[in-house]
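Common to both upcoming complexes is subunit A, partnered first by subunit B, then by subunit C.
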Partner chain A sequence: MSSNKHRSKKVILIISILLAIIFLAPFYLVLTNSFKTQQGIFLNVMRLPFGDFFNPQNYIEAFKQLNYIRSFLNSLFITVFSTIIIIIFSSMAAWMLVRTKTKLSTFLFFLFTSAMLIPFQSVMLPLVNIMGRLGLLNPIGLIFMYLGFGSSLSIILYHGFVKNIPIELEEAATIDGCSPIQIFLYIIFPLLKPITVTVSILNVMWIWNDFLLPQLVINKPQWHTIPLKMFYFFGQYSRRWDLALAGLVISMIPIITFYFIVQKHIIKGITQGSIK
Partner chain B sequence: MAGLSLKNIYKIYPGDVTAVKDFNLEIKDKEFIVLVGPSGCGKSTTLRMIAGLEEITKGELFIEDRIVNEVAPKDRDIAMVFQNYALYPHMTVYDNMAFGLKLRKTPKAEIHRRVSEAAKILDIEELLERKPKALSGGQRQRVALGRAIVREPKVFLMDEPLSNLDAKLRVLMRTEISKLHYKLQTTFIYVTHDQTEAMTMGDRIVVMKDGLIQQVDTPLNLYNSPVNVFVAGFIGSPQMNFITGQIEATGDSTFFVFDNYRILLTPEKSKVLKDKGYVNKEVVMGIRPEDIHDEESIIEKYTGCVVDGNIEVSELMGAEVYLYLKIGEHNITARVGSNSKSDPNTITKLAFDPNKIHMFDKKSELAIF
Partner chain C sequence: MKQSKLWFTLFIAPILFAFIVVVIVPMIVGIYYSFTDWDAIRTGSWVGFDNYARVFKDKDFFNSFVFTTKFAIISVISINIIGFILALLVTQDHKISNFLRSVFFLPNLIGGLILGFIWQFIFTRGFDAVGKLMGIEFLQGWLSDTTTGFWGLVILMSWQMSGYMMVIYIAALQNIPQSLLEAADIDGANSWHKLKHITIPLVAPAFTVGVFLALSCSFKLYDQNLALTGGGPYNSTQMLALNIYNTAFRFRDFGGAQAKAVIFLLIVAAITLTQVYIGKKREVEM
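Up next, the complex of A and B:
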């Protein structure tokens, strides 16, 4: 009995190690090769970056070519503002959709849910066309579009969470003297913290890494985000893998840092479904 | 501190569902009023209309001579305690209590004074820094009361505040709330479905059923002189026994006849029945379990009111025994002394106290006496 248990534990451990290797292998390749010369990468992609091929200059070069500070700030501006706007609008919308029990609110909620089923590629060309005519092919327009694309999932997540908040809390707050907006700010929004963290992580990850939408919307190079700048390492005649990989590492740092800071909240957001 | 006046209040929900019908009540200043009734009788709706959480469909609500139908809850000068406490989970006990005052821009020192004072009254001074999650049910209930007290409202509204507590704590908090009422000298309106709470706490009780007031009276009057079968059955535990039978008159005597038994009625009660024309008509007799006796002396005293009962179950409550009997075709509960004979499946002699008998019209269910 106990030897069986012991054996199954070992099997699980071996499988876990194999999975870890599979998941970490790309990181290994990116990280080691980012310190190699272009030639070193092509000669032996698995080798550690020591000896002749060691070239930390990649980072300095990538930093310069990416115009890192500028593109980092662009990415940051777009990601932060999009996420904040998504959080504000979808939490308020979800709250109202839960508390208003009319046919219209059911229909609106259904509309948000069904919007998730429409693939982005099928709407991107008409969208860019319309936004172009409105003169919104710029970061502000991009943030607006992210609000549209991001709010469906966020509203659904908030909706499920708000349903678990007892209405009596709002009634108590009403009697205490809160206006509806104060109820939202002082009572509802603080209680939504776990799900807000989840919503912000999902949106930050997606928006920070997004390539297609910014590519379509942002024409001016001074507004290019990190993923757009990365694209320039892959020109028509040359592919600068050495610089691209170094660029990848420095572009990953902010998002990985963000993930580690908030990761303990992700689990809380998923498990802490109700407020009692 | 304020009196309330509810005049012809109606609550009609969409779809023509009437929750409260023509509710009229004058509540005096400093009075402890209890609204009691089975679930769905409209008692909570009435309380919520007073609080301003539900709109009044028709009628007028006055708090201290001011009509408040259109006044926002925060401006009605009321405080409410909810069944599930409704404490803000993300705030400490102190912040929960101070929240309403902060919104009203009360000076910090004053907030501190009021919260400390309320915490002292409720004995929760050590809990002020805790979050509601870290409190027991009883402690949460105290905090909810504290949140109401600090506001120093004119009227306290309580919506089944004790129903989430265990039996022992409920009894304890019941007395605490009564003490609080005495201490604060404020108008309390309390909703419950538990008739024991109503009887022990209220100055006056409003019994409701299907959105209508059945009777408004003091606990003792309600117990001794219920106006109809519903109130008689609802107030009192174990509940009043009801027996359907006929009134028969033989010479000067009047009897209540059921299942081969003839209960001799007192001359005063006989006169009322005769005057109202109930002779040879069917009526419902009501008798409370404690008015059915098995003591020899009482059986000898009321020989005209003796019946045989077959004990089906007996429950020893400590100082007394509840006997669940079959008398003729009727199931009857009697409350007798703990040293009574109470073996199941034995026949025992019992006497109804003729002075304590209630009679109700069979059709209208209204009390005859």
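Up next, the complex of A and C:
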């Protein structure tokens, strides 16, 4: 019985490892081929990038063509600022919505929740039209739009968390003469830290990888984010896999690095985000 | 009382303003625009149901609706089955379980556009090379016709999203009381019986979440579709979102595109509402 169990455990382990290899295979092929010459890729995809196949110049060329530093900083700027304002304004709003027991606050929370139903494509055309009229088809406008689109999920997550914070603390602070701003800043916001981590991660991953909204909003090449730059780069070099693959690798590096730093929180965040 | 209203406004106004400008107004304006002949520059005049009539006669749109639905059904099944199997495998308490979880989750982090390009390479070069090497004709010429384009998208989405589902199912599996499984062990149940009679029924609520999440993601798919097949050949692998985009920006038919967008809204909302309904019903039953 016990040796039987032992054996089945081993079988499961082997199956798992095989699956992991299959999952990693695409990354492996992209990585090895990104170091090869165009001809090397064409002649043999499986061969490792040694000898006359070896061509690390791909990376220098892709780095230049993608205007990598600039695109990276653009992505970083847009992602970080959007996430910060989403955090600030959604936590403030969620706290107020929980603590105010009026018909209006119930209605507003309902409005934010039901907006989860709306797919982006159904509002994108009028949105771009309106933003164009307001002169906001630029990075600032983009950050503003992320605030609007990020509001629903972030408020729902904060709302659920605030509900479990006992109100006594705030009442005592009010009696001591604290204003709501002070209460929020010094008492509530620090308590929200675990959910703030979750909300930040979910928003960072979404905004960093987002393609369609920047494609519609950003028309100046100097403001292109990494996915946007990659799209045009790929269109230009679709027959040059050597350059395209090197470009793909360097455009994946930041988010993978981010993953290995905050991995534990990502898994937790996904679980919370999906159940809500 | 007056003062508390002021605080309420101060705390809620900023995000509410952005939300209204970015989501609510475009939605209402969008419904109005779908009844006009606007062209993204001028507001246009009222044309009644003309746009909708044109959309219902649009063969491309009908085809992409059928394609999207087929794709959604197949990928929902495959994403959830693979995700559940992965969750079972990595909760077996091996030394490398955590490492395996990271590996299976990895594709999820990367944007759909980049994933689409990666798989374009794998299908057109990798598959082709293996096919030629081993003389398997089936592996050659992927993405050049509708069938391989379809299965290419299914494979890409299963690879990307099953790790996400795995995370959801791991959470559900960890909520199963160990005592139940131990009791079953004592009663002499084998692994298959435990899976069938304990694990799967207890994980059922998570299945609802997983199925609908995958369903709405599949219906809204855009980046991967654009990067992997671009809708080709001859628009035969074009999904709804891409069709709406092309109607507006390639064919400059903004009225028609917005009518499609409204239909799209109704489809996606119906899917999500069904999920909410099932979730609520289950809560009542429990």
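We adopt the following convention: the second predicted complex is superposed on the first by the 250 of 276 C-alpha atoms of A that agree within 3 Å, B and C clash if a C-alpha of one lies under 4 Å from a C-alpha of the other, contacts with A are read in each partner's own complex, and residues count from 1 in each chain.
The criterion applied here is as follows: a contact is a pair of C-beta atoms (placed from the backbone, for glycine too) under 8 Å apart; a residue touches a chain by one contact, two chains touch by 3 or more.
In this text the structure is predicted, and so the values were computed from the model without any measurement.
In the overlay built on the shared chain, the residue A:Ser75 is in contact with neither subunit B nor subunit C. Among subunit B and subunit C, the chain that touches a larger number of residues in subunit A is C.
Contacts of A:Ala244 after superposition: subunit C is touched, whereas subunit B is not reached. Contacts of A:Val30 after superposition: subunit C is touched, whereas subunit B is not reached.
When the two structures are aligned on the shared chain, A:Asn203 is found in touch with neither subunit B nor subunit C. Shared contact residues of subunit A, touching subunit B in one structure and subunit C in the other: 275.
Interface residues of subunit C facing subunit A in the complex, by the touch rule stated above, are 4, 7-8, 11-12, 14-16, 18-27, 29-30, 33, 38, 40, 86, 89-90, 92, 94, 96, 100-107, 109-114, 117-119, 121-122, 125-126, 128-130, 133, 159, 163-164, 167-168, 170-171, 191, 209, 213, 216, 219-220, 222-223, 227, 240-241, 244-245, 248, 254, 257-258, 261-262, 264-265, 268-269, 272-273.
For subunit A in complex with subunit B, the residues that touch the partner chain are 166, 168-169, 171-178, 182, 186-187, 190-191, 193, 275-276.
Across the complex, subunit B meets subunit A through its residues 51-53, 73-74, 78-80, 82-84, 86-90, 99-100, 103-104, 147, 151.
Residue ranges on subunit A touching subunit C, taken from their complex, read 8-9, 12-13, 15-17, 19-20, 23-27, 29-30, 33, 41, 44-46, 89-90, 92-93, 95-97, 100, 105, 108, 111-112, 115-130, 144-145, 147-149, 151-152, 155, 180, 184, 205, 208-212, 227, 230-231, 234, 241, 244-245, 248, 251-252, 255-256, 258-259, 263, 266-267, 270-271, 274-275.
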